[in-house]
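Chain nomenclature is as follows: A, B and C, assigned in order of appearance, with residue numbering initiated at 1 for each chain independently.
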Amino acid sequence: MNQELLLNTCGRKEFIGTAALDTIGLVIAGIDETLLNNMHIDTSYRAIGILTSRCGAAGQFMALDEAVKMTDCKVLSIELPLDAKNWGGHGCYCLIGSQDVSNVREAIKIAIRLTDKYVGEVYTCDAGHLEFCFSAQAGDVLVAGLQAEKGKAYGFMTGSPAGIGLVMADNCLKSAPVDLIWQMSPFFGEGDVSTHWSNEVMISFKGDAGNVKEAVMTAREVGMDLLKAMDPNVESVTQPYFDSL
Amino acid sequence: MNQELLLNTCGRKEFIGTAALDTIGLVIAGIDETLLNNMHIDTSYRAIGILTSRCGAAGQFMALDEAVKMTDCKVLSIELPLDAKNWGGHGCYCLIGSQDVSNVREAIKIAIRLTDKYVGEVYTCDAGHLEFCFSAQAGDVLVAGLQAEKGKAYGFMTGSPAGIGLVMADNCLKSAPVDLIWQMSPFFGEGDVSTHWSNEVMISFKGDAGNVKEAVMTAREVGMDLLKAMDPNVESVTQPYFDSL
Amino acid sequence: MNQELLLNTCGRKEFIGTAALDTIGLVIAGIDETLLNNMHIDTSYRAIGILTSRCGAAGQFMALDEAVKMTDCKVLSIELPLDAKNWGGHGCYCLIGSQDVSNVREAIKIAIRLTDKYVGEVYTCDAGHLEFCFSAQAGDVLVAGLQAEKGKAYGFMTGSPAGIGLVMADNCLKSAPVDLIWQMSPFFGEGDVSTHWSNEVMISFKGDAGNVKEAVMTAREVGMDLLKAMDPNVESVTQPYFDSL
């Protein structure tokens, strides 16, 4: 599906490509200065890369995290619109920058290519959704977007409707010795980070890579069982990849 | 439909059952302590009952209110995610607790059974939705979730799009001598309670039970007429029950 | 479609008519005083006109702006619920008032008639949406709802997913010498105005009418190209009208 989507043609020089979950990658070579000064991003970079989607954030963050590690780009801002078409979750709006527009272009190309892989651990059905991240070494995107600790193993899970997320979180934390970074529910965030009333309970955690992976796998198993009790048609957005890690 | 849904099987010990409007009931016998300490609920109970849904809150609150009255459970928190699939309203995320997990389990079982009844006074169509509560004696859930006065007759109405809610509210308050508790619109709540930008005007009120019921019935009649002018296919989620009260 | 919708019958005296994007126009001749006192609108008017919708705000604002100019009504409040069915945008909830209920009724009639015209510059598809305003002379609704400068040429553009809006804004501001009034993204508003986490980047601007129109037309061209790269089925809600201005 991704390959097909990448064939989408668009005459605009800003267009890089599209991916699953209504994701589009864009680059602005030299952004308008008035716009930049009003954007709440503290930067002088005028080459801006954009990864933006209607649905899903965890998979796109994983993809962009890897892309930023492989290029010389800086994470400028990560915003989570309360949009997900008819899920109770988020889309994403991520900006990266560099002195050199070719770095930005390369990073967004990589992120678009990897999005279809990483949204494989996003599961949806008519009754709700589940999203997971597991990174053996968190990079700047996971730090900026989800308060991971740089270079450490990082796990994230969310479940919707929110109560499913709570049962997942409970099993997750009991399954392996990991350190909770934060937990959120519709009304409660942590510091500057918040669900902004999405229908989710989310947690993120760090620790030994094996333990973090174990905890994420447990959350996934519990979430699948419960969401399937609501609607048996729970499916990965693309292809699950955790089992091959 | 409910009976069929209750037959859903799920091997998880936490699973109690499902009901209309993508509602699921769950129980955690001994919640993880780290999770509990970060949950913004002031409790030492570790047996937690969960009633959570994608869509609708009024009907689930009525069901849980009755369930809590019949058991020895305490309302721990009521959150209203800004999710309702493609309505402009809310889902719900309700937590109750007890020293004894069997009380919690019993309460959530009752709440799941009653949800299908009480969502009968939730009406939807492609153009909007209407929700109503009438309780002759408000219990702890209506107090915690909607600022009812405990033990007093309580009425609630909401209409979406918001302007329909305002006309309903106007007719409602003119139809019987009731006391307004609060009114909300997309941007304005009351104290800690807010619509969080849902597309609704809501009011709640108390007074003599006959008057409260009259006011709710008036709101329903007006809401049905106006919503049907937008889309004739307005339907109860299950079966209306006010007329048989 | 509008004509057909206007034929909708409704026995309620408050009903004026319906229009595209699940818009309904309503009038309350003498609003309940308790309700009025709790509405966060500073007014003694009891004749209230209502324009309210599930989806879209820009087109309805244009329609109501013209309607208010043609009657002796005052803008009382403009709220933007975070509802748009399954778009990542807003609906609207607008209240106007007058001493004389016939003025209010006339204004809402005009607004309903004009809504179908002005939502012609709202474009949607499964992957996102675009909305535009261009007014040669902003009136009280554009001032209250979007911080236009009264009597001056005013332009507004939004694109979703948000990153498309940013590229539109960049091209827009580079295409003609206009003055940015504000820009917003999912997390950041300006003063009291905010997207409240919708999946949009929006800007509004003022200046010479020819320049403002040029900037809006550029934004539309860029937005159409990018949104079509995500989903070729981008369509106006009714009929585009900018080209005939």
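The definition used in the following text is that a residue touches a chain if its C-beta (ideal position, glycine included) is under 8 Å from a C-beta of that chain, and two chains touch if they have at least 3 such contacts.
Note that this is a predicted model, so its numbers are computed, not measured.
Chain B is reached from chain A by a rotation of 120°, derived from superposing Cα atoms (nearest 5).
For the pair chain B and chain C, the fraction of shared interface numbers is less than half, so the two copies use mostly different residues to meet. For this pair, chain B with chain C, the centres built from the Cα atoms lie 32 Å apart. Multi-chain contact residues of chain C (touching two or more other chains) are listed as 82, 86, 196. Here chain B touches chain A in the complex through residues 8-12, 14-15, 18, 22, 24, 26, 28, 31-32, 34-35, 38-40, 48, 50-54, 79-83, 85-86, 91, 93, 95, 196, going by the rule given at the top.
If you check the complex, the residues on chain B that touch chain C are 82, 86-88, 126-128, 160-164, 166-167, 169-170, 173-174, 180, 182-183, 185-188, 195-201, 203, 222, 225-226, 228-231.
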